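In order of appearance the chains are A, B, C, D, E, F and G, and numbering begins at 1 in each one.
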Amino acid sequence: MNLKPLNDNVLIKPQAREEATKSGIVLPSSTQNEGPQKGQVLAVGEGRLLENGSRAPLAVSVGDQVMYKKSYSAEELELDEGKCVLVGESDILGIIK
Amino acid sequence: MNLKPLNDNVLIKPQAREEATKSGIVLPSSTQNEGPQKGQVLAVGEGRLLENGSRAPLAVSVGDQVMYKKSYSAEELELDEGKCVLVGESDILGIIK
Amino acid sequence: MNLKPLNDNVLIKPQAREEATKSGIVLPSSTQNEGPQKGQVLAVGEGRLLENGSRAPLAVSVGDQVMYKKSYSAEELELDEGKCVLVGESDILGIIK
Amino acid sequence: MNLKPLNDNVLIKPQAREEATKSGIVLPSSTQNEGPQKGQVLAVGEGRLLENGSRAPLAVSVGDQVMYKKSYSAEELELDEGKCVLVGESDILGIIK
Amino acid sequence: MNLKPLNDNVLIKPQAREEATKSGIVLPSSTQNEGPQKGQVLAVGEGRLLENGSRAPLAVSVGDQVMYKKSYSAEELELDEGKCVLVGESDILGIIK
Amino acid sequence: MNLKPLNDNVLIKPQAREEATKSGIVLPSSTQNEGPQKGQVLAVGEGRLLENGSRAPLAVSVGDQVMYKKSYSAEELELDEGKCVLVGESDILGIIK
Amino acid sequence: MNLKPLNDNVLIKPQAREEATKSGIVLPSSTQNEGPQKGQVLAVGEGRLLENGSRAPLAVSVGDQVMYKKSYSAEELELDEGKCVLVGESDILGIIK
């Protein structure tokens, strides 16, 4: 199953975190979900609807590596690509160069 | 009874969830109502009213398979098609391809 | 006494609920006021004022059968037509076909 | 003393409620202040200021009989006409025909 | 010291309240500060900034007798004219005729 | 170090308050920080960004004597001019004449 | 790893605070994170999207020395330049001259 997001939503494939810190300590999974996260953009919506009736294209594109935060409105989904997360564009912190 | 939604509301026929998990354990119904859900669009409103007086057509169409979340404003209705749910377009996560 | 609503308000004559469920159990009145309700549109306002100074006509018309919810801002009124309810258009879930 | 309201405010002369119910029971005054109330429009403001700098004329006129609710922002005033109430137009439920 | 208010603020010289009620009872000062108050407009701002970059002139003018309420944002100031109060135009209930 | 404020922010040099009241009582410093304060404008931002993309020039200028209030968003800064305060224009009550 | 911020976000390299106060007392790190902070702008987004569909360029540029506050929405990131912070432009107090 694939998903085409609506409006200014972005579908992201999270990058697997290193399972252990440099000192070899394995972090419990709850810790791994805190703070900014990295991932790759799988699909983007057609943009937020403006009051003039047109849509504003998103600033991220399919294939971009991004940092994002998981706000309360983020949704975890099980798709063909595995575990994915759907976030609004405002939860994307930036594009990784 | 059929229902024509207003504004940017969408009428959805929820897809029946598998009654049991792969391991054969039957989930209680409360668990089945959590998280993103799948369904088919039965009817859509004419779109949100813009400040210029026109309406913005919805990004989903009748017949689309969608994933949606049941926010506090979602309404469950008993219609000719059986149990349906009415949600705002912003509660639709995306269109299933 | 009749009432002409203002702005995007809609005056509705609630449809009497069946006094008893199919199994013959009479529901207490508090239960009858929960969830979506049916009614007929008796009168509508001239529409919400837009920032350009014009008014957006309502999407419902006098005589429509509608489903609505009674939000905190709904007002119950005793008019010539009996007990009526005044709701904003955003509390109307859809038009019954 | 008379008062010319500003913006979308409306000055109303409340209609005296019947002091007793049909069954002859006199209601305490606290009960008489609950729920929708009737009154006559004494004066109206020049309308809400729109973002384009013009004002939107009110939908009610001097002399109209209206139903209104007394929200938290309603103000009771002692004027030449006796006890009056100043409400925003959005607290007027409709015009009595 | 005189003050030229900014935006849609209005500087008011409160009218001294009668120190005693008709029946000769002197009200404590806390009671005198409740409810709508009368005063004279000493100075007005140049108006709220609209999104098109112009300013909307206020509906009250210097010299007007007004009724106003003292909301949480009202500021009491000690100026050349004595004790004054600065309020936003939305806290002015109307112009006394 | 000097600071050029952004948007509609204003940098103010607070006027030292008289250390004692007329009756010779020295107020504790907590009392001196309450209520409206006087100061001189040291620098202003280029104005709030309007939706049409232009900026609205501030209503105060460098050198103006102003009264202001210290809201929760005010920031105290140690600059070349000594202790300064940065406030939004909406926290400026008016220009002292 | 470098990051290109989105919209009106700004990536800042915080300036190391002096580890000790003038009197030689070393402040605990929690104290060092309070109040306005200094830093250098490393990267800026393309600006907030306006309702007309264009973007408003930021008022700060790469290389600017700025004072900023760390609001609840600030994000700390570990990048090639070391520990950085991503803030919205509204959290930048001004440009240091």
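One rule holds in what follows: a contact is a pair of C-beta atoms (placed from the backbone, for glycine too) under 8 Å apart; a residue touches a chain by one contact, two chains touch by 3 or more.
Note that the coordinates shown come from a computational prediction; the quantities given were computed from them, not determined experimentally.
Different-residue interface: chain A and chain G share under half of the residue numbers found at their contact. Chain centres here are Cα averages; for chain C and chain G they lie 51 Å apart. Rounded to whole angstrom units, the spacing between the C-alpha centres of chain E and chain G is 41. Taking the mean of the C-alpha atoms as each chain's centre, chain B and chain C sit 23 Å apart. Counting partners per residue, chain F has 51-52 as the residues that reach two or more other chains.
Think of the chains as beads on a loop: from chain F toward chain G, the beads read F, G, A, B, C, D, E.
If you check the complex, the residues on chain E that touch chain F are 1-7, 9, 11, 43, 45-46, 49, 51-53, 75-77, 86. Within the complex, the chain G residues that touch chain F are 35-36, 48, 50-52, 54, 56, 59-60, 67, 69, 89-90, 92-97.
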